[in-house]
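Common to both upcoming complexes is chain A, partnered first by chain B, then by chain C.
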Partner chain A sequence: MRVLLVDDEAELVSTLAERLSFRGIEADWVTTGEEALKQVEKQRYEVAVLDVKIPRISGLALKRLLEEQDPQLKFIFLTGHGSEEDFMIGSAEAGEPYYLIKPVELNLLIEKLHEIIKGRGKGLP
Partner chain B sequence: MLPAGLWKPKFWDHYDVASGPQKQLFNFRRIWLLAVLLTVGVSLVPLIFITVVDYRATRKGIESEIRLRTARLVSNTRRSVTFFLEERQSALQFITQLHPCQDFGNSTELRLILENLKQSFGGFVDLGIIDAEGNQRTYAGPYPLTGKNYRDQEWFQQVVLKGHYISDVFLGYRRVPHLVIAVKHQLTDGSYHILRATLDTERFNQLISGMEISGSGDALLINHRGELQTPSRLYGPVLQDLALPIPTFSSKTEVLEERDQKGEPLIVGYAYIADSPFILMILKHKKELMQGWNWTRLELLGFLALSIAVILIVILGTATYLVEQIFLADQRRVAVLHKVEYANKMASIGRLAAGVAHEINNPLAIINEKAGLIKDIFSFKKEFQAEPRLIALMDSIISSVERCAAVTRRLLRFARHMEVSIQTINLEEVVREVLGFIGKEAEYRDIAVSVQVQGEIPPFENDRGKLQQIFLNIINNALAAIGDGGRLDILLRRVDEQSVSVAFIDNGRGIPAEDLKRVFEPFFTTKASQGGTGLGLSITYGLVQELGGSIEVESEVGKGTRFAVNLPLKYEKRSREIDASTVSG
Partner chain C sequence: MNQWEMIARGGFQFFGKMTASVAHEIKNALAIINESAGLLEDFTLLAERGRPIDPERLKLLAQSVMKQVHRADGLVKNMNRFAHSADEPIKIIDLVETLELVVSLAQRLAAMREARLDLVMPDHPVMVATNLFLLENILWSCLDFLLAGNHKLVQLIPETTGEGARIRLVGQFGFPVDPAQAFPSEREKALLEALKGELEMEPQVGEMILSLQKNF
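Up next, the complex of A and B:
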């Protein structure tokens, strides 16, 4: 499984990527939307884990752009923010089970990753 | 102004303590007083003014009418009296003209003339002829007056001077009132004699007393010295002094007001009778004349009193009703203001909580991941496995982070408007379900829990999960407050067409008044030592709001607490944003 982590907190994503790799999940990380698009161009990923808020672009808009490049790509959203707006967008786009609040428990994230790849999250947009 | 109790309007003793001095726009008692005084002033002042004017005008009218009537009566009577005297005087004049001078020397002839006069006019007592020296030359009558000399008497001098004379009334020999009329007969040769007649005043009295004077009125003649010339019912017999001042001379009929001996007001009409010593007076008691006025006055004052009473009742009623309405509207306004204020505060706290949670969450996530990574490194790399304490330390960090995360998650849950999943529910079933979770605890602590349903509660649409959470929070709080062996009553009730209420009534230790205001605020807890976060009831509050309901709490220390959740039977989806905008607007 190959996963792309997108979050403006480099410290967070880098650590997260490293920890995932300890558990046999290949994870790359970027901190901006532009980098994410470039990365998806270079490399095929099964899942993208996006922060709802990334500088200059919203997680939602980024999801649309990434989907254009790779329609097979699946998404999990992360947020540190509990605002209404974020939640509405996140839960509507990803489905409530794939909308995780930071700090996220690593095992939960891995579980969700496996789940979404197996296609149990089907029926969602 | 109003009697206490039933009649006292609600606003009378109202002082809006809770809303503070700025929010009390109206001093209802002052508004009421102002409204009453202004309307009373505006309506009563003109009414009283008009009544006073009318009162005076009517009284004046009646008084002048009385004066006019009295004057007319005096006038007519004067004419009669004048005519009476002039008639007799003319008769004497006529006799002197008709008979030659020598006839008068003959007393038989004079007696014949007296007889004729008695028959034609009546009242003549005697006749005498007096010569220029004042000697009574001839006399016809009952008294032996022949030869009597009158030269030095005043009446003689008067008649010589003026040609005629009418005397005051006097008492003759037989103590009968009389008066004298004398005329002078001037002959062509310059000599003269005087014809003198005595009249009794009977006819005269008849003339005066024949007038119909109503009630205690009287008509009388006096002379210029104020002696009665005719007998009076009220003022005494002939020649007694009239106990009233002599009216001042006037050639016309006059009417004036006097007071009699008892001080009662009198209307006095009088006229001086020309060429005689008489003054005609008509006296009437004003009180009797004004009796008609009394009735009119009573009507007028009665009408005024009735009008004032009606106006006062209407004004008091209307003012009280209107101010009461304003008061009630203001009460509603204050209540809504309180609610809005509270909702606004909760919304602000929610936003603040979300912001804080967000700011903490990111560094917390980093700590979490870094600690996780360190643990991973220790776990996955063999060289570190000899040091189990390191992993334990990392676990401790991670569990602390998890505790922080639990708090921020709860905060976010409080702040967030979760999508509501709606289904048709049976309220009693939901309550019993929740009781199922905690039934064991209640049983163990010997707490009696009862569920009562009042009226029919139809199944309605709502969020089962949220309701469960709401009820669970409240019941948990109640159980914490109830001592062992206490009781919790849950009362389900249909409030009206649109809503139902679930009340949780416990007999626990109660909440002090100063805490009661804050129970729904986040982080407000009295159970910090027992691990309370102070978020339970604030989350409950948020949940109830989301469901379009309301939550109220009443409590008394030592007696217990009552939480009541009102829920709409018809669920309307609404978002926090709309809520917040209504709140801040």
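Up next, the complex of A and C:
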């Protein structure tokens, strides 16, 4: 499995990528929407893990642009906003199984990655 | 809605926005600490299976954790300072200290718009008697408006004037005058009136000048 991590916190995504690699998941990381679009242009990914808020663009807007480049790409969203209201809004927009709140439990993220690849989840709109 | 109702309502929204922004930043710091601790655990497990641990990596991870703890501590301190802004209706303040706090609180807003805030330090302290919370509120609104443009840098310049003090917020280029998005809005006008302040807009050069009287 190959995933792309997108978050403006470089230390977070670089560490997460290394931890995923120890578990057999190839992960690349970028910190901006622009870099994400370039990366998806040159490399095929099965899942993109997006922060809901990155500079200049929302995670959901980036999702739409990435989907245009690769309609097969699937998505998981991460957010630092932990309020119940944020969670409800985010879940409704992104699909409940694929909206995770930071700090993320790694095993839960891996579980969701496998779930989304196997198409067992609810799927995204 | 009268002037004070407008100010109060906007003040609650402003306070909520600041709290949410700081909470978001703390969550990010915690997320990095969480991953760093997880990576340390991974290294330990790998070491148990015979893979040597690189001391340099351990050192970098420890540094990363310390950096994030320092970051979170700074965020909490700033939030605490901000929370006390409304303690007194009028107080004598050092504008540099106030602007340092506003810049810290607005870092995330600026980063989301890929911009940088630069506080230009004056030669002498710039003191003014004012309502600190309302001042922070109007400054935030001004920065929010300026940063909505594509400025990569916004300078904040506090200056002493004959009447009191002023803060110049200087972008890199002019901003469009759009009647549909009039700034200052009625709420900002109410804030300015309550502060007995004036806001001059210089759209051609992308500058806003907030003037305050020496004595409130």
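Here is the rule we use: the second predicted complex is superposed on the first by the 114 of 125 C-alpha atoms of A that agree within 3 Å, B and C clash if a C-alpha of one lies under 4 Å from a C-alpha of the other, contacts with A are read in each partner's own complex, and residues count from 1 in each chain.
The rule is short, and it goes like this: a residue touches a chain if its C-beta (ideal position, glycine included) is under 8 Å from a C-beta of that chain, and two chains touch if they have at least 3 such contacts.
In this text, all values refer to a predicted model and were calculated from it rather than measured experimentally.
Asks: Determine, under the contact definition given at the top, whether A:55 touches first (chain B), second (chain C), both, or neither.
Replies: Touch partner of A:55: chain C, not chain B.
Asks: Have a look at where A:117 lands relative to chain B and chain C in the superposition and call it first, second, both or neither.
Replies: In the superposed model, A:117 contacts neither chain B nor chain C.
Asks: Of the residues on chain A, which ones does chain B touch that chain C also touches?
Replies: 9, 11-12, 15-16, 18-19, 22, 80-83, 101-104, 106
Asks: Can you list the residues on chain A that touch chain C in the complex?
Replies: Touch residues, chain A against chain C: 8-9, 11-12, 15-16, 18-19, 22, 53-56, 80-83, 101-104, 106.
Asks: Spell out the part of chain C that touches chain A in their complex, as residue ranges.
Replies: Chain C reaches chain A through residues 20, 23-25, 27-28, 30-36, 38-39, 42, 46, 64, 68, 111-114.
Asks: Note which residues of chain A are touching chain B in the complex, please.
Replies: 9, 11-12, 15-16, 18-19, 22, 80-84, 87-88, 91, 101-106
Asks: If you look only at chain B, which of its residues touch chain A in the complex?
Replies: 354, 357-358, 361-362, 364-370, 372-373, 376, 380, 401-402, 405, 408-409, 411-413, 415-419, 575-577
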